[in-house]
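Below: a set of structures, written as structure tokens.
Heads up, the next two complexes both have chain A, just with different partners, chain B and then chain C.
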Partner chain A sequence: MLRIENVSKDLGEFTLKNVSLDVKDGEYMVIIGPTGAGKTILLETVAGVYPPDSGKVLLLGNDITHKPPKDRNITMVYQDYMLFPHLTVGENIAFGLKNRKVPKDEKETKVHEVAELFGIDHLLHRYPDTLSGGEQQRAAISRAIILNPTVLLLDEPLSALDGQTREKLRKELKRLHTIFGTTIIHITHNFEEVFSLADRVAVMNKGEIVQIGEPDDIFRRPESEFIAQFVGVENLFRGACRKQGDGSYIDVKGLHIVSSTCVSGESVYASVRPEDILISREPLDASARNSFQGMIAEIVDNGMFVRLSVDAGIPFVVVLTRQGYEAMNLSEGDSVYLTFKACSVHVF
Partner chain B sequence: MERDTQKAAGEGEDYHLTEIRPDWLKIITIAASLVLTGFIVALLLLVVSHPAPEAVLASLMSEEIQFAITLSLITSIVSTLLCILVAVPAAYALARYRFFGKNVVNMVLDMPLALPPLVAGVGLLLLFGTTPFGQALADIGLVFVFTPLGIIAAQFFVNLPFMLRIMRSTFESISPRYEYVAKTLGCSDFQAIWRVTLPMAANGLLAGSVITWSKGIGEFGAALLVAGATRMQTETLPISLFLNMSCGKLELAISAATILIVISVVSLYIFERYGGAARF
Partner chain C sequence: MRRTRPLPDRCLISFALIGSLIVGLTVLALLNMTVRELADIPHVIRVATETRVIDSIVTTMGAGALAVVILIFIGTPLAYILARTNFAGKGVVESLVDLPVMLPHTVAGILVYILFMQRGLIGAPLDAVGFIFEDAFPGIVIAMLFVSSPYYINSVREGIEKVPIHLENVARTLGASRFHAVLRIVLPLSSRHIMNGSILAWGRAIGEFAAIIMIAYYPMVISTLIYYRFTTGGLKESSTVAFVMILACFVAFIMLRLISRALGRYDDRV
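And then the complex of A and B:
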């Protein structure tokens, strides 16, 4: 529905390099990436704030690359709200309707409807700087959604809010997406937002989109070292891939990690999620192909979970539930066995 | 016992020393600021209180001072409006866009600030008096040399940088994202500025206008060269002060000075009150 084709834009400090992205109708697309990756420029280019240096933006099949923002029906919400301080909350929300010359009664009804949906109906006569962060962001989202936009762009909409408000508003965004069915592109740094909101995720780095997929894909099967590190993948190893019979293994400092999906090549990365590794005092006789002996180097208690660092020649991180940890009665310096399946090893 | 007393005395001395050690840096710098403040207040009081109040009041009502007030108000208001008209768009461009030669433009536009007003006056006099451009203006009835129009031109030229600098810093303090949002909500480029940026810049505009206006009222050097100092013709308040001072009519001179002081104090207050992010 929204199609970004090979868009490049150089703003000096930030750049977009040959970015292509397809967003489906009604989809909730989340874009993640480090600061300076070009996420905001991408949104601003979609909104039409500036024309791309090259490439095309298509909306519902129409080329809108050079259409001014006012004719696109794409609205935007920024992290720091950008409510117009000289207008009341009500006037802010009605701003777009006023531009569309909507009659006064209809305008007021609509403003009340949307404000009620976000629970800010009682704040309409107030000025933005008298509102809390959460209230301001609700007003900003109301102002954007009231125009019934074809695409709604959210640039880190929850980043400026405190934990509780953030969680509340995240749920409201989810509800809003269900009610209006609006196509949404949402930038964030927060992985909870990814898992709770995203239909699909795009990862950006240095002005490029480096991977697009469902949240699970990105987190379980990152396609590059950068993504793996960015999404916080533990147990990331680098080694040489070798064939062995009809299978293959990765040689990481002499340790052979068997993988079912090893790509032949000189040097590859492999990752294993900490919760996919079984820990035991005795070797397990199981179908799992990978089993290593190691020593517990460190135990970190996170409350719900316990993280163990195990030195098996290379450092592994294993996560146990509190119950599992207590049942095993482990302590630092203990010798243990780590076991995981070949298909738990993700190679890239 | 003896040692104990000694020790106690020693401790007491230490305590004493740290407690009253004078902070000379603080004392000297604060004293400097106080002396300066006292000096300025004394000067102003001296001007205002020198002649008898009745004499000043009478002079204020005199035809000459009334003329000077009217002429000063008209010229300064017109020149301030012209400054707004030119400085607001120019300041917007300097705050928002990157373009070739921007640094040079910035420097040149600030030039009148550093230039002695008399030199600016000479330049304006040459422009209006000796060039085909000045001639063409004169032909359509716009005579600047030795007329109130010349005063307006002088005030405009000398004070433009104040307006420009204040508006530039005001626009710089307003995130362009407000305009981006306005545009996605259906504004054209100009509507976004009109409905969002300008209202947000209102305080800066007020502060800038007041400072420009008050500088305009006080403009002397450049106006003197372009418009001359002719009694009851190009006699603004500062010109009146100058004319009356030089021929010994102290009451008239002081009344003009008093009005100028009041205007300065009030404009400074308004600037500090509403200036916000605006800076020179």
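And then the complex of A and C:
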């Protein structure tokens, strides 16, 4: 639906080199990559803020490479909200409708509808500087979505928010995508956003797209050292989350990983930090809810730390201090028990 | 019990004392003149109601205001270009914009005169259609425009630079053309700089003397009139005209302050 063909742009400080990307209708595309990788210019080029030096941008089959931003029906949300400070929240949200000369009654109804959806209906008469970060970003997203954009561009929309607000807004973005089915391109540094939102992920580095694929592909089968380093997430599992008593577990290929939190859905992700896993030769009689038997598949000595790959039906990575490792006298092929708490399981 | 008061900061006190010299000088000059003038109030009233004086003040302030209005229309687009774009030769353009600040006023006056005089490059063709600069109101305006333009352009440019470009980008993705984004987002958020630039330029314009008399000795602006009275009627005549001008400026200044205070709240949000 949105097709970026060999787009290059040199802005001096930031560059795009021969970037091609195909985004499907209704897809949630997430772009990740280190700072300065050219992610923002890519979005701004799609929005039409800059004309590319070479290459083409096609939307619904039409060449929009040199169309001005106002005629593209592609809207954008920045990290730092960028609400117009001299207009009220209501006027901000109505800005696009006003440009389209929508009649006043219809405009007001629509503004209220969208504001209600984001729970900022009571703030419409206020000025942006009196709002919290979360409220401001809700207003900014409302302002962008009210035009029913063909593509919605989000440039690190949650990065400026505190943890709790970020999580809430992430869920709202997911809901928004479900309700409106808008095609979204979302830039982030946060892997939780990748897993909870993305249909596909594109990894950018030095102005180029280095890998495109489903989150699983990128994280499990990184195509280069750079990507592996960049996404460095270990003990990442995918399965269905089930409630059980006062807790819940994730069914990963028959293995039940008990977790203290749960996200509804047949396909959720869970991760356990390698240093949160205890390793022992005999089963530990501890309060920890997760205990699995496995076999040491590989031992990698990193000097200060030792990394063990343990096959317990699914692969686990465990990190031990050098002292701990030597005291246990472990070797490849040994049978061990892995133990970790339910609250060490991070579900998203 | 003795109340202990915090020791005042010595550095701040000495700065305040040194700084008060300059404020004191202005106050002294104003008081000195006021006391002298108020000794003969009927004379002040006679001068203040003199048609030539009133005409001259109106001409000066009016020409200054017109120069500022023209600057708003042609200086604002230039300020936007300088604030938002990079191009080859930008440094040269910037130097040319600043040039009138550096030039001695008489030099500025000659530059303007030979361009706009009746035989001048621009003056001649306009003279043919009956538009005259030499010894005419338009001549005053054009001289004022030339000398005051850098003050306006640089101030507005600074204001536009302060408005995040992302705000403009967002407006453009929301269906506004670049022109509308400038009109509805960038300029309102630079309103205080536009106001300050206008006041600076206006002040510079009404203070101009040398550049104006080169092209338009008549109609007399206030500086010309004061100089004329000084050379013909002496100190008493000229200082009373000056005193009346001070009062007029004072009133104008207070009014401008009131307006800019309202605008100040407007773009402090950026």
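Definition applied: the second predicted complex is superposed on the first by the 233 of 348 C-alpha atoms of A that agree within 3 Å, B and C clash if a C-alpha of one lies under 4 Å from a C-alpha of the other, contacts with A are read in each partner's own complex, and residues count from 1 in each chain.
Here is the rule we go by: contacts are C-beta pairs under 8 Å (C-beta built on N, C-alpha and C of every residue); 3 or more make two chains touch, one makes a residue touch a chain.
These numbers come from a predicted model, not from an experiment.
> Sharing chain A, do chain B and chain C clash or fit in the superposition?
Here the two partners, once superposed via chain A, clash with each other.
> Counting only touches as set out at the top, which of chain B and chain C does A:Arg322 meet: first, second, both, neither?
neither
> With the two complexes superposed on chain A, say which partner A:Arg242 touches: chain B (first), chain C (second), both, or neither.
Touch partners of A:Arg242: none, neither chain B nor chain C.
> With both complexes overlaid on chain A, does A:Lys171 touch chain B (first), chain C (second), both or neither?
Neither partner.
> Thinking of the overlay built on chain A, is A:Tyr127 touched by chain B (first), by chain C (second), by both, or by neither?
Only chain C; A:Tyr127 stays clear of chain B.
> Applying the touch criterion given at the start, work out whether A:Arg281 contacts chain B, chain C, both or neither, answering first, second, both or neither.
In the superposition, A:Arg281 touches no partner, neither chain B nor chain C.
> Between chain B and chain C, whom does A:His66 touch in the aligned arrangement: first, second, both, or neither?
Neither chain B nor chain C is touched by A:His66.
> Would you mind listing the overlap between the chain B footprint and the chain C footprint on chain A?
Common to the two interfaces on chain A: residues 44, 47-49, 68-70, 72, 74-76, 78, 80, 82, 84-86, 95-96, 99-100, 143-144, 147, 153.
> Which part of chain A faces chain C closely enough to touch in the complex?
Chain A residues touching chain C: 44, 47-49, 68-70, 72, 74-76, 78, 80, 82, 84-86, 95-96, 99-100, 127-129, 143-144, 147, 153.
> What residues of chain A sit close enough to touch chain B in their complex?
44, 47-49, 68-70, 72, 74-76, 78, 80, 82, 84-86, 95-96, 99-100, 143-144, 147, 153
> Using the touch definition from the top, list the residues of chain B that touch chain A in their complex.
Where chain B meets chain A, its residues are 175, 177-178, 180-189, 191, 196, 199-200, 202.
> Which part of chain C faces chain A closely enough to touch in the complex?
On the chain C side, the touching residues are 164, 166-167, 169-178, 180, 185, 188-189, 266-267, 269-270.
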